[in-house]
Structures are given as structure tokens and as C-alpha cells.
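This report concerns only the one structure given below.
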Amino acid sequence: MNIDLSVKIGSLTLRNPIMLASGTVGYGNEISEFTDLNKLGAIVTKSLSLKPRKGNPPQRITETPAGMLNAIGLANVGVEVFLKEKIPFLKKFDVPLVCNIAASTIEEYVECTRTLTREETIKAFEINISCPNVREGGLIFGNDLNAVAKITDKVRSATDKPIIIKLSPNVSYIATFAKAAKENGADAVSAINTLVGTAFNIITRKPKLQNVTGGLSGPAIKPVAIAKVLEISREVDIPIIGIGGIMDWKDVIEFMIAGSSAVQIGTLNFIDPSAPGKIVKDLEGYCEKMSVEKISSLTASYIL
Amino acid sequence: MNIDLSVKIGSLTLRNPIMLASGTVGYGNEISEFTDLNKLGAIVTKSLSLKPRKGNPPQRITETPAGMLNAIGLANVGVEVFLKEKIPFLKKFDVPLVCNIAASTIEEYVECTRTLTREETIKAFEINISCPNVREGGLIFGNDLNAVAKITDKVRSATDKPIIIKLSPNVSYIATFAKAAKENGADAVSAINTLVGTAFNIITRKPKLQNVTGGLSGPAIKPVAIAKVLEISREVDIPIIGIGGIMDWKDVIEFMIAGSSAVQIGTLNFIDPSAPGKIVKDLEGYCEKMSVEKISSLTASYIL
Amino acid sequence: MFILNAPVEETIEIDNRIYLLKVNALEISSIIKPGQFLNVRVSERVSPLLRRPFSVCDVDGEHLYLMFNIMGEGTNILAHKPKGSEIDILGPLGNGFNLGGDYKTAVIVAGGLGAAPFPYFTRTLTGKKDILSFIGGRSKDDVITYNLKNVKEATEDGSRGFKGNVVQLLEKNIELLKSKKIKIFACGPTPMLRALKSFCIKNEFDCEVSTECAMACGFGICQGCSIESITEQEKYLLVCKDGPVFNIKDVVI
Amino acid sequence: MFILNAPVEETIEIDNRIYLLKVNALEISSIIKPGQFLNVRVSERVSPLLRRPFSVCDVDGEHLYLMFNIMGEGTNILAHKPKGSEIDILGPLGNGFNLGGDYKTAVIVAGGLGAAPFPYFTRTLTGKKDILSFIGGRSKDDVITYNLKNVKEATEDGSRGFKGNVVQLLEKNIELLKSKKIKIFACGPTPMLRALKSFCIKNEFDCEVSTECAMACGFGICQGCSIESITEQEKYLLVCKDGPVFNIKDVVI
């Protein structure tokens, strides 16, 4: 059987639905030792800001039941160094590169996008409005419907490439945010970023993370992520990239059934950096066995 | 050393901070075979509504990574049967009984409270505005600040006993809800109820729960619960009952450090119904070892 | 009801992929009845989180036997419990089969792992009633006849015994069944139970069935294991407390 | 870097509560250097979720040795890995000790489990440099001298060797140390490293230190293992990639 694993995110076609999530693969070099990037759907860079960011002081991560908390604080090399030092490596691969952008002001989002869009290796933008570990300019954009609308609109004017808005799960109704993104020109949304969480050391009574709170990721959040994907899928007509706790091909299928066009693999990369490649193979096996000719037919195939 | 495990929730004094969470111990009889109720801080009944409720059709529960989803749908015997058939058993114990109330309208909350408050065995009310599995009257109270304010105010007029508002975690800023509860006369808040989640059967493509979505509980949600407790503790001056994923005495200490005056044990009762009693003993051991004379001194003892 | 750490005495793979776990638990073995079950904590860790329910398969003095195949993580862990380790079991739970009554022949009807409760059932009833066992499976590897008596087999692919499902095998033996004073005791997959229900109603056979569903607690506090009752419309029954054995007429299968 | 399933050949409790795990992993054993580490997946299950980092303790042909004590769930699982099972290891990771340079005597300074990397270190340097080992612990049970050479011991409670901490023991031996051309190689708890740093700066000793911190990936993609650099203010260094061995002057401890 001829299996078609390709999926579409707006005008962008991916050879399969497996993307690597922002912040969990750096700029691609380390993970390329374990997984053939050319076999993946896309890779998303660590969130980039206009200027380099040092990130939060240590301790930045801690394990929790079936999950982990991180408060990296968007440590990144900045747009300029990225273009000069990271793009040459990424150019060597035939895999769509999605640039994730994080900023403290709307102007910074626009400026980053405008600068990066000239680089042809970059095929799309993912706009991180939802990082729970940075609060600058007094705004937590991800929880503010107007901010999301405005950022989407402004970034839309700054590039012709597909725009993906990465949504925060820490809101009452995520679908309203997806709707605002769509109405302001986004091509897709990704869901979800991490949940706000914390943990304390019971001896020192201090938070385990220097930043006090962090973002919860990993299998623990999977049921929440799938519910958010389903909520968006039922209420808004926009491609969804499902993220949260994916550990194997079965989780990928579950996310697709719930409404995802593609998925991103995050925390799993830390545990098994060869997993993304394996999952692509497993998906092919599944489609063969279940006679699924086009994997994209699984998207939102739920029976409620 | 003389260890004082007692804690106060408004005017209510508990002999220790260990309460049994609503919906995870029925009306107390089955669990009394495994844990001596007289040794606990308090027990909270399954949510009661004015009339009996059949609850959701099966399948109602499913396991998830380090957690479980439930969509019981507030199955309960109703206020009348509760008073007639369940109270006589509960009367035999010397443990504060907290009645949890769930309703579809504000009037129903008031009516339930008014009826139950006459029963002297009942020492306090926990108002469940946050059940994710029932949507009647078109409102999901837990996500509506005005509704929470109004329910608290009306219930306040219906009883002299302490009122605890059980908050939903599925909101952007839980502290604003705690504030509304406080300003309208609540004596305490409990945090958190379950997170909205779902899971699909990848063979049938149907949700694993007949109700489609359910409430996520268990260790998976602990970091989220502790962050919500901390958020309330930092912003609102009201006693907090911490709930979410407690598995042992260490988790209890962590919740107390983060701001909880007492805690509730939920999912753990299903796994080890003798655990609540053991945890009380372990807490005593901890206090002895760490020279903590009054366990209540741990509340909000975080060092940020 | 007891919660106890039972020493594992042996884990035997009795047939390909079918395991028998032997544990030592006198408190429970001395009171448990056929059709009752145990809720087993397979791990101290937070995953798998919930206990796993298993019928008592057999009892022999202080020993309890559980029978299972590897369905997922929980049963995989159980199958590899080393001798000498302990497992945390909670039981006895639920109502067992009602063995009394005015019948001469107990007719066991089981599909696949549905055979699990019947070795103990057979042991208990031997000498008191006649026993006839109708055991089905998809193919010969799925037909479990361990410690059963007077077995007639059915396989859907015809690889052993009658070709067809176990209810069709009952139909084929309808004259035999009608000639005796029987009561049916059944356990198996839902489609089998549905067919059996029609069969029993049509032929007016009394039938008790052991049902299965997802469970959290196993002893009545979570309300997770609801099953629709035929007689009571106002509430669901609980598989763990009101069952797992029901009269087949009383519940929606 | 390799990810591979390494067969467990032996788990030895070498001292009370100190375990030595011997695995077979030629790809890694043939290239790993003293001070490098492995990131070990202790379980296939979702809890514990993350890998656990361990220094290479010793190498012997195709065999790798890890040394640890039971700190929590992960090390508890590792300590009980049965012979013949496999563990998933990722490595070699990080930069090892810089063994070269213009010194005659390598001075090992370790506290508690900080001794873990030094058996391999000692094996590698034997015959090339003189070695002096200063090993400390709270009490005699915490002093690990397994496969070390020329050991001087310190315990805080005085139950073995010098009474005091290991840096005080260095102070006591300052004349000896000053009389030789030394380089210090250290690993241990943070308070020890802080004291050692002052000591080295004061006495102008060159010192490499193997640091520890919480890690998710171990190979540079999560940015979780940041450590403050003395020289670079604009960014943090990564313990897993830029370390775990640093010159003690270069990082904030």
C-alpha cells in the first residue's frame, strides 16, 4: 500500500505530522546525532528574541510525577546570532524550519518576524505568546485576548509565511484564543504550551525552581492537552498542532483523532532523542496495518 | 515533645489537617473499614444536590499517566435520602462532617444549604462550583466570577456554619475567584478541583469517557495544584484547603508550605484507603523529628 | 475486606500467554467465594496508578490464584513479579456467584479470559452439582480450560472443537440443556454476553453473569463502575459492590 | 554519543548502601574519559520520567561501572536491576577532566559519593602521575575509598581518620602539597566545593571540579543545567555540555 503521511498546516506541507517542539531541541544540532532530521515533518527552534537572553538563574528544572517543570526563561542566542551561527547548520537539512518567536512587546514580535522572514530557510513562524516563565512589560500576553489578537494581526503584516500562534493552556476557554488568532490572520494554532506549576523542597521550604513557578510538561499533561485540542477543533476551523506529553505513536494518533493536523514532540526528546524518528516509522506501520491511506484523514476523526 | 496537629479553617478547628475529599469517600461507610475516621481532621461528603442524581452513563473513569479522569457526573442520593439514610451512620463518629453541595441554580445551592444546616452533625459546607462534568442551566459557575460571588453571598445568608468555596483550576487567575469568595463571606477556599481532560480510544476513535471530557486528578496534577494554592496564598488572605495528587505526608507538608491550612486526600483513597490514617501518623513523626510544635506553623511558610 | 502484602509464591505461564499467579493470603483465601475479586496494586510507583481487578481463579488452603494474560502495563508487571516479592491485594470484593438454588447442573459459559473465575467455582461445586463447561475463544490458543470439568469447546476459526461462538455451541446442545435442570454461570467478552442474554431469555434459562468494567477503587467509593440496571431506572448499579455477578436479566449489557 | 541497551552484568553492594553497577557497553567504554558521565533511563515507565546522570566510575575492557547510593526512586530501581536485564544508557556525555598539563602529582579531593569518578581517573593516571587522595565524609560510613590510591581520610565526627572536613585536612597537609607540583581534581557536595575554592585561590592551586545539578537531557538541548560563569556574564554555562568538569575558578559554586 502507498501510505501518504503528509499533512498540511495552512500552505505548508510537511512530509509527516511529527514536529520537534520549541525549547526541546535547541537549534537542531545535538538531536541530529540521534534522529535523522530529514525524516521529520518539521523542526521548531527554541524561542528567539530580538536580543540574546540569559534566561533564569538555576535551578531551572525539576521532575514531577510523570512530568517535569521548567523555568528556562527563554534563554536564547537572539535573532542576529541565530541567523549567523545557527542557520548555516540548519540549511544542510531538507526539513522545514519553523522559527519560534518570543518577545516582551508587540513591536519586538514584529521586528523579529520582519528580520527573520528574509531568511528563506525559515518556512513558517510559531509565535510564543504563552511562555509562563517570563513576565515582562507587565503583560502575560497568552491570557489576554486583545493582546493575542493584536500580536497576530501585526505579525501577519510582517511576513507572507505561515503563522502559527502557540496558545497557553492556562486560560478558561482556549477556543476563544484560537478564534482570535484565526480572525487576525493566523494560519494555524499550536496547543498546548506548558501548564503553570510549582514544587517545594520540604526541607528548605524554598521552591525547587529559582523562578518559583515553572511550566509543566510531559505525559502528566496529555489529558489536558487533548481536551484543549478537542475544544478548539469543535469550535474553530483552523489547523491545530497538538502538543503535550507525547511518548509514542499511539499518543500521536490520539492527538490527531482529537483534532490535530500535526503534533510536536517535546519532553520526550530529553528522554529518548531517537524517538521522533522511530515514531515516524511506527506511524507508517500503523497506517499500513489499519489501511489508513492518508494519515491526514485521521485529523478530527473523533466519534463523539 | 507535645505536638499540636490541629488546624483552623475559619471558626472550625480540626484535630489535624487531613480531610477526605468530596467524591472520593462516598458517605464514609466503606472507607471506615480501612481508616479510623475518628483520627482524621474532617470528612467531606460526595457532592449533594437537592434531588438524587443518577450521574453520567458509563464509562465514567479511565487511567492516565500518573492520574485518572472521572466523569461521575455528581451521582448522589440527594439531600433528603442523605439526611435520612447516611447521617445516622456518620453520627457515630467524632469527626467533623463537611457537606459538599453541588447545584444547577443559585436557588438550589441556597435550598440545599438551608435544609442541611439544621442537621447539627454537619459542621461546615463546601460549595462545589467547579465540577467540570455537569453543565446545567447553561452556566459553568466555576468560570464565572459573578456567579461565584453571588453563590457565596446567597449561601452565606442561608447558614451560620463555615462556608468553603471549592475553586476550579480551569481559569486564568484563580486568586480573583478566591477574592470574590472572601469578599462575599466565605470562610475558606479549597483548591483545586479536577482539571478538564480527555482521552480517546485509538481503535474506536471514541472518547474513553461517555461524557467526552472528565476531570483529571492524581499525582499528575500536583504541581498545578500547588501553584494555584501559592497564587491564592500570595494574593488573598483566606484559609486555603489544598487538594490535588497527595500521595503521602511529604505532599501534605509541601501543600502546607505553599499556603494550605489543611489538605484533602482524593484519588489516593481509591488506591490505598488506609493511607489517610497512616499519613496522620507520619505527620506526627515528621513534626517530632523536625521539632515542629504546631503543624499550623507550616502554613504559608514558604521562603521565596 | 483486607489490604495486605501477599508473598508471591509462583508465577506460572500455564499456556502460551496465560499466567497463573499464586500468592499466600490466608485472611482472604479463607473467606473468598467464587466470583468475588481482588483489587491488586501492581506497583508502588505513581504509574500505573490504580489497582487492577482480578477474579479469584482458584483457592487452595492459604493460597490464592489469579489468572490473566498480558493486556497492558499492569498485567505485564504482574507477570514478571519475582517469587518472594510481595503484592498488595485488597479483597475479597463484590458479590460472588449465588451457588444455591434449585438446579441440578451448573452450566459454565466462558469466553477467553472469562474462564478465570471457574476453576474455583468448579472446585467448590464438585460433588454438589453436576457441571458442564462451554468454553469459547477466537482460536485454539484462546480457549482456556485449565482446571475445568466436562468441557465442550468452541472456536470461531474452527481450530478446536465446534466451529463458531460459544453461544452457537449452546444452541447446538439445546436438547441436552433442556433435558436437565440447569443454571448458567457466565463470564466473557461483551458480544458473547449479549448473545447469551438473548439465548437465556428465549429459552428461559436462569443465568448469572460476572461483568467487567473500568474500576478505580473496587469497593464502592468512586462510583466509577456504574452499570445500567433493568429494574431500577433512578440509579446505576455498581459493578464492584452490587456485582460483579448479576442475574443476566437485571443489567444492560 | 550513543544510546544503547547495556546488559547488566552485576550489581554489587560494595559497602553498606554503596552500589556498583557493572554493565557491558563497548561502544561507550572504549571512548569514555574520566570525568565524563552517562545519562541512564532507569525505567521504561513514565515515572521516574527523566534519565539519571552518573559519572563513569570505572572502565575495564567492555565494562562500565557506575557507583551510587540510594537517593530516591531512580537509584532504588537501579540498585535492584537484576543481572541479565538491560539498561538504556546515553553517553559518553560532557567533558572529562583535563589530565594533561605541567603537574607531577594529581591530588584527588572528594566528599561522599563525589568519589565516584575517581577509580577510573586513578586507573588512567597510574604510572603517569603521582596520586594523592583526600577523601571525606560525615562519618566513617560515608568515606568511599574504593579503588583509590594513597588515601588520607577525614570524617566530620572523627569516626575515621582526621576529624574535620576534607578541606581542613588539606590545610593540615599544606606543607606536603606545597612541596609538590600538584593539580587538584575534585568532586563533592557544594559546601565542600565552596571551601575548596577559597583554599585553592588562597594557595594558588590549579583545580578542576566536577559539578552536579538537576538535568533533563544531559546533552545540551534542554538548557536546564545552567551554571553561572565567572568570566562570561551574558550567558550561563551548561553543566552537561560545558562541564561537568570546570576549572574551579571559572564557575560560581
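Per-chain numbering from 1; labels A, B, C and D assigned in written order.
In this text, a contact is a pair of C-beta atoms (placed from the backbone, for glycine too) under 8 Å apart; a residue touches a chain by one contact, two chains touch by 3 or more.
On a predicted model such as this, the values are computed, not experimentally measured, just so you know.
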Distance in touch steps, counted as few as possible, from chain C out to chain D: 1
A-D or B-D - the one linked by more C-beta pairs in contact: A-D
Most remote chain, CA-based centroid, reference being chain C: D
Separation of mean Cα positions, chain D and chain B [Å, integer]: 46
Centre distance in Å when chain A and chain B are each reduced to the mean of their C-alpha atoms: 34
Chain B and chain C, separation of their C-alpha mean positions in angstrom: 36
Sequence positions of chain D contacting 2 or more other chains: 46-47
For chain A, residues contacting two or more additional chains: 65-67, 218-220
Chain contact topology (line, ring, star, complete or other): complete
Chain D-touching residues of chain A, taken from the complex the two chains share: 23-26, 30-31, 33-34, 46, 52, 54-55, 57-63, 65-68, 70, 72, 75, 218-220, 247, 267, 269-274
For the chain D and chain C complex, residues of the former touching the latter: 45-47, 73, 82
Interfacial residue positions of chain D with respect to chain B in the complex: 46-47
Chain A residues within the chain C interface of the complex: 65-66
In the complex with chain A, residue positions of chain D that touch it: 1, 3, 41, 46-51, 88, 90, 213-228, 234-236
